[in-house]
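Labels A, B, C and D are assigned to the chains in the order they are written; within every chain, residues are numbered from 1.
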Amino acid sequence: MMVTYALYGVAVLLALAPVAIVLAASPRASSVVYGAALVASLSLCVIALASLFGQPAAVSATALPLGLPWLGAHFRIDALAAFFLIVVNLGGAAASLYALGYGRHEEQPQRVLPFYPAYLAAMNLVVLADDAFSFLAAWEFMSLSSWALVIAHHQDRENIRAGYVYLLMASFGTLSLLLAFGLLAGSGGKYAFEAIRQSHLSVALAAIVLMLAMIGAGSKSGVVPLHAWLPLAHPAAPSHVSALMSGVMTKVAVYGFIRIVFDLLGPPDWWWSMLVLGIGGITAVMGVLYALMQHDLKRLLAYHTVENIGIIYIGLGLALAFKAHGMPVAAALALTAGLFHVFNHSVFKSLLFFGAGSVLNATGERDMEHLGGLIHRMPQTAFVFLVGCVAISALPPLNGFVSEWLTFQAILLSPQLPSWGLKFLVPAVGALLALSAALAAACFVKAFGVSFLGRPRTPAATQAHETDSNSLAAMFFLAALCLVAGILPGVFIDALAPISHALVGASMPHQSGLAWLTIVPIAESRSSYNGLLVFLFVSLSGSIAAFAIHRLASNRLRRAPAWDCGYPDPSPATQYTASSFAQPIRRVYGTSLFRAREIGEMPPPGSTAPARLVVDMHDLIWDGLYAPIAAFVGVASERLNVLQFLTIRRYLTLVFSALVLLLLVLAIWP
Amino acid sequence: MIDPLTGILFVPAVAAAVLAVLPGYRLSANLNVVAALLTFLIAVSLFWLPQKAGDYLLVDDLNRVFIVLTTLVSFTTSVFSASYIGHEIEIGRLTPTYVRFYHAMYQVLMFAMNLALVANNIGLMWVAIEVATLTTVLMVGIYRTHEALEAAWKYFILGSVGIALALFGTILVYMAARPVIGEGPYAMVWTVLVQHAANFDPELLNVAFVFLLLGYGTKVGLAPLHAWLPDAHAEGPTPISAVLSGLLLNVALYALLRFKMLLALNPAAIAPGPLMVTMGLISCVFAAFMLYRRRDIKRMFAYSSIEHMGIIVFAFGMGGPLANFAGLLHMTMHSLTKSAIFYAVGHISQVKGTQKIADMGGLTVTNPLLGWGLVLGVVAIAGLPPLGIFMSEFLVVSSTFARQPWLATILVLGILVALGGLFLRLNTIAFGAPRGPTAPAEASYVPMFAHLAIVFMAGIYMPPAIVTGFENVARLLG
Amino acid sequence: MALIRNLALQGSEMLLVLLLAPLLTGFVRKVKARLLRRRGPPLLQPYRDLIRLMRKDVVLAENASWLFRLIPYIIFAGTWVAAALVPTFRGGLLFSWSADLIAIIALLGSARFFLALAGLDVGTSFGGIGSSREVMIASLAEPAMLMIVFAIALIAGSTQLSTMAAFMASPAVGLRVSLGLGLIALIMVAIAENARIPIDNPATHLELTMVHEAMVLEYSGRHLALIDLSSFLKLLLYVSLIACLFAPWGTAAPDASLLELLVGVAAYVAKLAVAGLLLAVFETSIAKMRVFRVPEYLGAALMLALLATLLRFVSGSF
Amino acid sequence: MHGLQFDIAHLLAGSLVLVSFMMLYQDRLYALLNTYALHAGVLALSVAWQAFIQQAPHLYITALIALGFKAIVIPVALHRIIVRLGIHRQIETVVGVGPTMLLGMGLVALSMVVMLRVTADADPLAREDLAFALSVVLLGLLMMVTRRNAVSQVIGFMSLENGLVLAATGAKGMPLVVEISVAFSVLIAFIVIGIFLFRIRERFDTVDMQALDRFRGERQ
């Protein structure tokens, strides 16, 4: 029974938490905890792989006498769960391996170690859960444990604030999911997913459930405009936790959405896809634009997660549209694209956060304006970080490109959709997707170029040192995974087949049999892509050129000062900074979206004051949505607070009027 | 072997008498603990006692749950109060005379609450609850400070009006019952009333319920009748705050439930549900907003009690097996959690020498056990898993949303706002740079962590016995 | 046997584009000079430049990293592979299925990605200016290009370049609005992508408006040669892309005889000549625009392409 | 029971309501005290009458308590307190007497409406009595909330409680009536003592909230 073994693994992780509390004082605690977590995650990963590849579509379920009485806690592994288990535990294993090195530099291990394994366990439980209560409990416990990790460094008020916003948004999401399950389960309280699958909701109720799920799962995965907590919370946590939150937890949220909308909710209505697609497109573009405006490396990465979530939701939305219109094959393509992107993003986003963490360790800096030239001091980190950047910018031959390519193929199928709304929306979403892809490339040119290339901008950057071997091992592992998934996508697509079979009733054609490991989404004549060959061609022609030139022409090389049109400036301050790099894009997009203004203050003639250039930007979503709510709560509590300071006579008046009111009600009662 | 039913009344009564004359706080504190423990053990034995109803006392599934909960919390509280009072005496905030008075009153309170729970006569129940109220009034004022007297006075006046209203309601119930049952004491015996409730005059019952709702609702602390509650919690000794929040509110609620059952049995009478639901929602949302402006830690958690009472009353008002079950569970969990929180708060304010939130900070650094205990308690009270209140809130919301979407939504918003308020303050208290005196606390952690452990357990696994018990009660409540 | 023939043809095409690319640029320069009443450099000047550069030492800035030395080869390889995947004088390339048009554009995208990184590597202000403007332009040009691909792919029912070309050559394709829009947008994008006037000036330095040249400012010797060659290739690629999509005449069939192949080559060269001529005339007849006018220009292209796609989505008859 | 007894009981109950109105009308503390004494006296009468017609001797005790304690002891004590605190001059009403009276009318009407909906098979005496009792209770509460002066508020509470006793005695054969009246007398005694102890001159809540703020900082 796969699920039983999986639960054993989770139990080990849970047991680690108290162990960590006990050990916290000792210096070996971190290696013990992370080592054990690594082993547990790996074994869970193996279990998941076994249940996904062993006999696909095989479902193993079990129930424990825990959780809700008279229902118990149900757990189940089907293809979908298995896939997400792989995502979770791959990320978990990588993070634990990374933390074996990174965790040593933690100054307050006792505030990190106990919650880390609990957090991993919670994410596993969400995926395993098979009834509403266990699902929500695990879901909220996931938020809770990660909250504890976010405020691990609680001396910094910013982290406390981040954790506060995070916890509020997370509970908001959980509560809306709770309402969704309230509808799904009905007042009879049929909380088991099996029972929910049997029951059928009316169209209106189903729509409400969809929106609640969109709000609940969306706020957790960070769709615009519910993303506000994400860029605050993810960077605040220790880097390996940031990687988990950004790379894995958002995917768990996506899992929740898929589970509810594709599995529990029954046949979709066509306009649902409009909602999901629209949100996805906006999320993608807004996310990457936000990211471009950042100069805090980890915050940039966090914002960029928002973009990738948008891409995933675009895939899911297309799948919904095709499913609603009875085009299972196309739906399978779209769903596979989305899921494949889930996997890819979890890989390279974790990789990038690890890289950021190593930089943070080496320099103590998260602000790109204080970095630069790290490629000389930490070449290996620079290399893997570069791989991550190329992958996340959706450039061939790495994996990011494949999933976006599949999404494009799915979009190209959608003219066959009958409904007019989609006819207009889908091309627009396609344009948004293309835009976000291009902007992503710009964003990571900035991220890598400013922090790793150029000249060091601060002494901290000058004294940077290469990170430790464990961290490097984790990062190289993920980088290799990026390449493999990029050049052998067929394997992954086939692995996803049982999921799309279960959810949309069809799957993409079998890939791995094809010549040269090409992938053909629909038909050979229509489109095909072969990452392996492209990779081979590029590397071959590159090396041939290099060989030829070095052999036939010259291979001599002299070092000299930089040319810079003859005006080289020794000061590194003359380099382009992160914000100046983003300036053209800010002028193009930000003027309207962020009300970005550049105010140049020129001192009057004769004054020796320096000229200043101030950029002021507004997060319109925050100003327009969150600030008013906060203000409302403030005002309401202020007004009501008067009731704390009344005189006894006035309190009596309250009682008296309540009495009279109720008597009046009785008097006019029919 | 004395009959347990009388035992749970007898032991506190005797203990009260003894404590009233016993000098020396150490001894009397221990005696207090012993008496409470004894009462608790006897109460537990009630489970093996068959249902029985005399003219004045009765045991049934409903009050078994309440009695055991009450005696348990009063036992743990007595343990806590032993160490708390010890500290108060050291710093000279209380004189031995007052402490003797305090212990005696404590047992009187136990007696009154147990009596209210086992009373089979609505008049007797009324008397018992009023005695309990007056006792707590005296204990709230025990510090004799400006604010303590203020709070006690406010509590006293509002309480007296509540008493009067409740009595009028009781009289009306008797009037309604008399034509059916006939004159004499039997028209006030609960079990008899229940049998004939269907034939009572509905109009009279309605008026009666209005008065009872307001009268006992004052004790439950429902808005807008709540005014006494925050100050009484804030100014009294912390053990009393724990008892108030953890027990006295429940006892009043118990009375309310009894009469709700009575009305529910009469088809012609108005449904008590909507009234309770409305007041519950008002209390929940109102208290949630009130959390934001609090500066005093005990007053804050008092408001949180109001909020949770609102949730419980909402659940019972909605009715139905699931919601009732959830209400009971929520009530139990809230009693345990809130008293645990007050234990922590008591020691914290003793360490910091103040109740001002602004003067506390970084507790998890300076006093890890207290700090993390408080964090755990707040996490529990905010309804986060894996603790028990999450389960009850899950059941309340999910079982009512399908029936009353808007009401459930309002409730959810209230819960969310309350969570925001609680954590806003918790961040200041438990995290960040330490503020205020950072002396290590000489505290008794056992009661607090025992409660939290129970709550934690309940959130993960509920023993079938308890579940069936609750289910019976839920069915009883209809 | 057929495989060997195909391989031979594929190889010959790859060499052909490599050989023709400098010539095209030289031709454009020559024509421009003529139009300006100058004699201008000889046609073969680009070849000479390349060879001279290859022979020279590389003068590398002190803090240039290993990435800086690697990038020219990456750019060259990416561009060359992309160019090799575009049918020139003969349809049905052997490896055409290994990357469709989207992938080709993505290949060019990765070349640009690394070029932009190169601009930042040495840490000079000019490099930064170049990179930041380049990514800004790309952030609009790439979506526009993808939209164009969508429009055409929806007409041809494929993103496979050979299939598309074959379809465009077939009579099945009539005159379509979306095609017209697509063509205009494609030309606009091509001009932007190749850093031609009015977007950028390939023949200038020491000017704050330069984009492409600013990025490669620190390159010298063989590195510079490779980068120049790549940009020649890119120009050729776009020309032959436009040619094979919108002027598929004279392209030899996959299984064509030697004679037909020669005809195809001739036709191809002719197309290149015409395109180069037009480009030169266009460039001389227009002035370079300010950097922040470029977004409007590219935005227009994006809108046109999006309109074309939208029309295709709404009805097949457009 | 035959008509006469009923009429007398009815008359007494009604006059209790009337006296409550008179109390609402008073604006001098002494006058108020005297009116209250009258109120208690009428209550004692009606209780005694109930005792007589119900043949319930224990009710006589209640009557005696009403007469002795409420009609004599308490007024005298309050009289002393007023003198001691020197507040016999003032009596501040929140709303003027006129509106208060109107409100009182409304309350009486309300209680009538509520009570007369009670189906008639509950015996009429009970109905009428309850209606009157309810109005007395409401009027007492009204008095508590419309008077700022502590003493007058206490008096309001006591008249409210008189209403309760009226209802309790009207409820034929209700047990515990005596105990309840005793308990209430104790309660009132507490309140009076409280006023005296805490020197509450003006109103129940002399402890100004600013003091509370100073100590607890509840208000920023």
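To be clear about the criterion, a residue touches a chain if its C-beta (ideal position, glycine included) is under 8 Å from a C-beta of that chain, and two chains touch if they have at least 3 such contacts.
Note that the structure is a prediction, hence the values are computed from the model and not measured.
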Connectivity without chain A (remaining chains kept where they are): B, D | C
| item | value |
| --- | --- |
| Chain nearest the global centroid, as defined over all protein CA atoms shown | A |
| Most distant chain from chain C, judged by the mean position of its C-alpha atoms | D |
| Averaged-CA centre spacing for the pair chain D and chain C, given as whole angstrom | 99 |
| Cα-centroid distance, chain A relative to chain D, in whole angstrom | 69 |
| Computed distance of Cα centres, chain C from chain A, in Å | 35 |
| Mean-CA-position distance for chain C and chain B (Å) | 78 |
| Multi-chain contact residues (two or more partners), chain B | 153-154, 157, 161, 203, 207, 293 |
| Per-residue multi-chain contacts in chain A, two or more chains | 641, 644, 648, 652, 655, 659, 663, 666 |
| Numbers and ranges of chain C residues touching at least 2 other chains | none |
| Contacting chain pairs - touch in the sense defined above | A-B, A-C, A-D, B-D |
| Sites on chain A touched by chain B in the complex | 65-70, 132-133, 136-138, 140-141, 144, 151, 154-155, 157, 160, 163-164, 167-168, 171-172, 175, 178-179, 181-183, 185-187, 189, 191, 633-634, 636-638, 640-641, 643-644, 646, 648, 651-652, 654-655, 658-659, 662-663, 666, 669 |
| Complex contacts: residues of chain D adjacent to chain B | 114-115, 117-119, 121-123, 126, 130, 133-134, 137, 141, 144, 157, 160-161, 163-164, 167-168, 171-176, 179-180, 183, 187, 190-191, 194, 198, 200, 204-205, 207, 211-212, 215-220 |
| Chain A contact footprint on chain B (complex, rising order) | 153-154, 157-158, 161-162, 165, 203, 206-207, 210-211, 213-214, 218, 224-225, 227-228, 230, 270, 275, 286, 289-293, 320, 322, 364, 379, 382, 384-386, 390-391, 394-395, 397-403, 405, 408-409, 412, 415-417, 419-421, 423-424, 427, 431-433, 459-462, 464, 467 |
| Footprint of chain C on chain A - complex, ascending | 372-373, 375-376, 379, 382, 386, 390, 393-396, 401, 405, 408-409, 411-412, 414-415, 423-424, 426-428, 430-431, 434-435, 437-439, 441-442, 444-446, 448-450, 453-455, 516, 518, 524-530, 533-534, 537-543, 545-546, 549, 552-554, 556-565, 568-569, 572, 574-576, 580-585, 587-588 |
| Residue ranges of chain A in contact with chain D within the complex | 641, 644-645, 647-649, 652-653, 655-656, 659-660, 663-664, 666-667 |
